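Note that the chains are named A, B, C and D in the order they appear, and that numbering of residues resets to 1 at the start of each chain.
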Amino acid sequence: MTARTEHQRPRVGVVKLASCDGCQLTLLDLEDQLLPILGRFDLIEFPEASSLRSHGPYDILLVEGSVSTAEQAAEVVDLRSRTRMLVTIGACATSGGIQALRNAADEPAWRASVYPEPQFISSLATATPIAEHVVVDAELRGCPIAPDQLLELLTALRVGRRPQLPVESVCQACKRAGNICVLVSDGIPCLGPVTQAGCGALCPAYGRGCYACFGPREEANVPSFHGWLSRDRAPGEADRLFAGFTGWAPNFREPATRAVVAIEEADDA
Amino acid sequence: MVTERFLPRADLDRLIAALAESGRTVIGPVVRDGAVAYAPIAAAADLPVGWTDVQAPGSYRLQRGGDRMFDIGPPAQGLKRYTFPSRSPLTVAERDADGGVRFTPAIPDPPRLAFLGVRACEIAGLLVQDRVLAEGPFVDEDYRARRDAALVVAVQCTRAGSTCFCASMGTGPEVTGGHDIVLTELDDGYVAASGSVEGDRILARLGLEAATAAQQADSAAGVASARTAQGRAVATEGLRDRLMDQLDSPRWAEIADRCLACSNCTMVCPTCFCTSVGMESDLDGATTKLERTWDSCFTGDFARVAGGNFRPRRQDRYRQWLTHKFATWVDQFGTSGCVGCGRCITWCPVGIDVREELSIIAPPYEAAPLTELPVIAGSPGAYVPATIRSVTPETADTSTLVIEPPDDALLATRPGQFVMVEQPGFPPLPISVSRVRDGALWLTIRAAGPATAAAIALPPGAQLGLRGPLGRGWPIERAVGRDVVIVAGGIGLAPVRPLIDAVLRDRRSFGRLVLAYGARTPADRLYVEELGAWPKLDLEVLEIVDRAGPDWLGRVGIVTQLLDQRDWRDRAASAFVVGPERMMQATVATLAAGGIPAERTFVSLERHMECGIGLCGHCQMGPFFICRDGPVFAVSELGDLFGREGI
Amino acid sequence: MDERDAVTSALGASWFGAGLSIHARASLADCAALREYPAGTALLREGDETALFAVVARGRVALRMLVPERGPVTILTVEPGDVVGWSAIVPPYRSTSTAITIEPTELLVFEPRQLRSLLEADLALAATLYPRLLEAIGRRLGATRNQLLDLYAQQAEPVPW
Amino acid sequence: MHEGDVTPDVGGAEEVTRYAVRQLTRVEGEGRLDLSVRDGVVHEAHLEIFEAPRYFEKLVVGRDADEVIDIVARICGICPVAYQMSAVHAFERLFEVEVDPVVHTLRRLFYCGEWIESHALHIYLLHAPDFLGYPSAVEMAADHQSVVERGLRLKKLGNRIVAILGGRAIHPVSVRVGGFSLAPTRDQLNELRADLAVAIGEAQETVRWTASLPPPPYAREPRLVALRHPDEYPMNDGRIVSSDGIDVAAGDWPAAFEEYQVPWSNALQARARDGVPYLLGPTARVTLAHDRLHPLAREALAETGLGDELRTSVFRSIVARSVELLHAIAEAADIVDGYVPPAMARAPWEPRAGVAAWATEAPRGLLFHRYEVDERGLVRRAQIVPPTSQNQAAIEHDLAIFAPSVLALPHAEATHRLEQLIRSYDPCISCATHFLDLRVDRR
């Protein structure tokens, strides 16, 4: 009855660019579901977990990480050409990740300060999301992605329906969970109102503010919220809140850039 | 006259024990994570003794003050999460190997609770949700069961927070009903009175002294001070009309500059009831749990229809929320949707104050009439398995499923009504019925997305779940003795076919019958054989397509061109129109020019219909829930809502 | 009845002609003739000088445009009562589409040059004819806009699965 | 490219055979082994790390301590807790924060969770397939389903511990300077009891099982380095000691070690100031802190009867890892049993200027952090030395010794053996915060 039947198992690949491996590890973290999934999907490329390699073609390719070197920029185009459905997983792939903050900075200077022999480094001046290089069919947000969303994506792909990936705010999930708002009741800066849900409103549940792992939600009214947060804070502090793991996402980019530039200036001083 | 007794402070534990005795869990205010919230309590010591709160737009702070137990404003969230949980199971849908389906609706299993320390505004919130969920045309059984199983011990407010405005909404601070016991706190104890038989029984068991005149006077004075202490009021006189007159106010855009559309206001509101159906299915989609969760009209995909989002802008969403809360709610439920608890003000991350916005958007004038709605039964989890008899392709992307329901209820579907179709693994779909014949429902479905595509891919013999019949159908009686003009665009021919069947069955009761049908291309025309056969039954068929190749010898253009040279003035005609909203607007204008009045022009609105019975809120348009009050409306009913942006 | 009466009554019976004054109908009738065309007759060719201005009395005329790779596409059919060839009296007097009869069709035909000189000579006639003509073109424009919206097209957003 | 391609390349008169593992699989992150041999003599051994640079040392500049804790977790998705632990302890030492003793215990539980998850992942899903001759745990599961399922159960338990304390298994959110933003309730931890009890048995079984896996013949005497603490098995506290006398405070790593760059490698490496390569991780800890192991772990280790071989054969690291898996589970069970929530989940603190430096024991070995902090508590400079870049010299050293013994084998097999040797170190290459361009010497 489902859109796909047993005999045609989708060929799946899992690859990474510049990232921490956490999002692809999430697949292995689906412990209880892992073997059932491997029975229904043909995992033909997953170097972190298997010595079997394949160049595809892939029905589904999960891509982790951001494009940070010239090789990766070429690789992602090549991967796209061998993939039917390309899914970016995690903040690095969907918005560039925290390393994308260098896009707002003087990258050669960063290089020189981290490496004794910067001339040996081959790295692009920018770290950019996959969608800035090739067409992306679907994305899983998060730093890291949520295991239940990964499972929902795989289930939806198999059943042949649209996956349920809510675009609601973290606040909505937070209130549903019955948490007390840390922003209103404690004045703790929390990006929940402008951040897409998916994490289960973890940080407020653990008594701290949301730092936007899942990135800006649709209609994120950053100027208004930034203004409100700036009322009782030192200049620039509100900017830094947005300069996180999804700081390069279009809606956060402006304050995040201001934060990086301010830090650079303080550093030079 | 209820006798007022006196409960000494030390005896509050006896009251709590008495409440717990009957096996109830006592829910009261407690201090948690820097605020007061409702939670289970074992004794008076769990209450916020000596705490008070300072609430302001976008701010909530606890502070020490006095040594009273209930000297606090509305807790962080209301009792809604106990009577209408943020997530609740609807049904489990399963499909077996040979295509059969099985549905196991969740059985309400309400906890026995006793709410202690409930404020007047809180009770008002419960009463409003009673109207919505238990006293409307459809009843939410889970909600009703939870309400029936809960006891309410109210405490009248003797102080008011800066965000309180119950006095202006007429819901407090006095507790006037909806309670089993009501207390008023004094320094040394509580003036207590019962509001129900069970409440009276409990108080009697405690064997309390009657309250002295002085104690009664103190209590009355305390409540009075809470009333006078309330700050900025809301002018409720004629608020409904004042607000609806301001749909084009420039203020909406200004609010949108501040509003984060984060939905906190709707989540903390004690009356907001909008929900969405979520799914959890196993890897094969064979077993699917349907779960209902709180949703919000501020969220992006809440108002998403097949064609996109009909409330794309924050200003549309804020307008929907505010006008619903204070205006269209009155049309729908005969009461305001706001109880003046002020939570939406306190818990707004950017401190937007509805009292201020209302005073700016809709300055006062006189009052408005209320409307009532009939009561009928129904429940969002109640699907019945139905077996597919045949599947007939109509066009490249559209097929007609002939489905046999297990009982006759669905066969009573009237022309223009729809049913909810649920397939395990997919979200429920509202589908207009395109014919009822030979003990079967005919559903003509266009593959507009994965769920619809999967539905028409099902083989004969397979099953799917049906719920219905739902909605208000075509008012055929309004056309008897008149000419009948039926105008359909695209897939819209499906919902009018039962109407055509009906008028042809009783041909002599009507005058001229005209069907004007517009399709995208000749290949997209539905029911081609019938289009050829109907003229023989004295139904004039006019067809036109948007675009065509040289081999098409019929008309090309838009559907209004079939009608714009016609005049109906001499023969009082009725018109029935269904198609894309834009097409219906153009058609209604043409028909009006031809002399058919708005009162006799009926349209079927295709809106996002989630639960099918108006309980989830997705389908709202102004005062209407399309799937409950519609989908068929007289154009005169819709007024200027018809075709307005962002409604 | 004679040709001229037939022309006058046909004009009066049409949606287009019904909106004109008696005087206008009379003077127009002087330069008009009723003609029959079999199905498939090309009345006008897109881009050519407009060969005739006509009111459709009976039948159906398809207005077509040629789209490379897709062949001729019918974008509108002109029904009885409406006009075809309006570009005959609007500069630069060239047809905006190809007009072909797709049924046996009877037209009330006006010879372009004769009609134009008549309109230049009789300003009263021009003052009643042009508004009606604009109304006809306006309705056609409105219809075309609605067609542009492609209202019956697949509404669902495209998704990769 | 598939692994094991031969790219012969003639240099001068002599034949150079290059064993190139184009991309190391079943390691976290992207690395490559490049070994060139002349006349049967290992000429060069390169472990090249081509993980793209992410500049974490710069990303933490201008941030306060709690921000840094969130940021450094992202260096590695496999061992985020380790990065948070090294950072939080470094800052607490500088700010002289008095943390609640229960918080100290909870952090050990937290680390136990990560060790369990990381060790189970490596033992069962990444390393065991080498010994049993499978390309991955997927194929292995076909013949040994119950074994793989046991591994997944253990892994899941580790994830649950981290998730209960930190909200989620990867990049947890609760670690703050002074303690935790929220401490778990007794009930939350009690939910782990039953599973921990079962896991102890499964971990004992794991030790027996891995000890039975036959290693390729190989022996050498490595210098071992790990933390040592008077009464705790090394995790968050203690002094940095070596098998040959190095003994410095956890914050004084630079006193005995240094980072440097070698022309034939493309990753910044670390070495002892005396230049001798050294080995970190389970083997080093189990050897140097043998007497601090949980009794159950010590017992299970004794049963294996491996003795010196555990230290001298790199291929036995899977056994050392299993012993630590058992230790972590047993200690976690003890902590859960005796748990009473802290009086103060998060101690108050004031920032101060100075150098915050500390080292803790990541699953893969010693992880050193050093931050220069200004008076507002903002980081001005940072240095992060992950275990893999410290182990790299030792890995290459081993490759040079081990390679000749497999050169006689068919090329693919030899390549596989060499890769297996590298995997024995459980290299976590994503952790390589530094990166240098690949340069192959083509004389």
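Everything that follows uses one rule, which is that a contact is a pair of C-beta atoms (placed from the backbone, for glycine too) under 8 Å apart; a residue touches a chain by one contact, two chains touch by 3 or more.
All figures in this text were calculated on a predicted structure; none of them were measured in a lab.
Chains making contact with chain A as well as with chain D: none in this assembly. If chain A is removed from consideration, the chains that remain connect by touching into the groups B, C | D.
The most distant chain from chain A, with centres taken as the mean of CA atoms, is C.
The mean-CA centres of chain A and chain C are about 60 angstrom from one another, to the nearest whole unit. Mean C-alpha positions place chain B and chain D at a centre distance of 55 Å. Here the spacing of chain A and chain B, counted between their Cα centres, is 35 Å.
Distance between chain C and chain D, defined via averaged C-alpha coordinates, is recorded as 83 Å. Annotation for chain B: residues touching 2 or more other chains are 449-450.
With touch defined as above, chain D holds no residue shared between interfaces to two or more other chains.
Counting partner chains per residue, chain C shows two or more touched chains at residues 159, 161.
Contacts from chain A toward chain B in the complex involve residues 1-3, 33, 36-37, 40, 154-155, 158-162, 164, 166-169, 171-172, 175-187, 192-194, 207, 217-221, 223-225, 228.
Residues of chain D touching chain A in their complex: 2-3, 23-30, 51-55, 57-59, 61-63, 67, 70-71, 74-78, 80, 121, 125-126, 129, 135-139, 141, 145, 148-149, 152-153, 155-156, 159, 166-171, 173-174, 176, 181-182, 261, 266, 268, 380, 419, 430, 433-437, 439. By the touch rule above, chain C contacts chain B in their complex via residues 15, 60, 62, 64, 71-77, 79, 81, 102-103, 139, 143, 146-147, 149-157, 159, 161. The touching residues of chain B, counted against chain A in their complex, run 32-35, 37, 58-62, 76-77, 81, 86-87, 95, 99, 257-264, 267-268, 278-279, 281-285, 293-296, 299-301, 314, 346-347, 349-351, 424-427, 449-451, 453-454, 457-458, 462. In the complex of the two chains, the chain B residues touching chain C come out as 305-308, 397, 448-450, 489-491, 518-520, 524, 544, 546-550, 552-558, 560-561, 564-565, 579-580, 582-583, 586.
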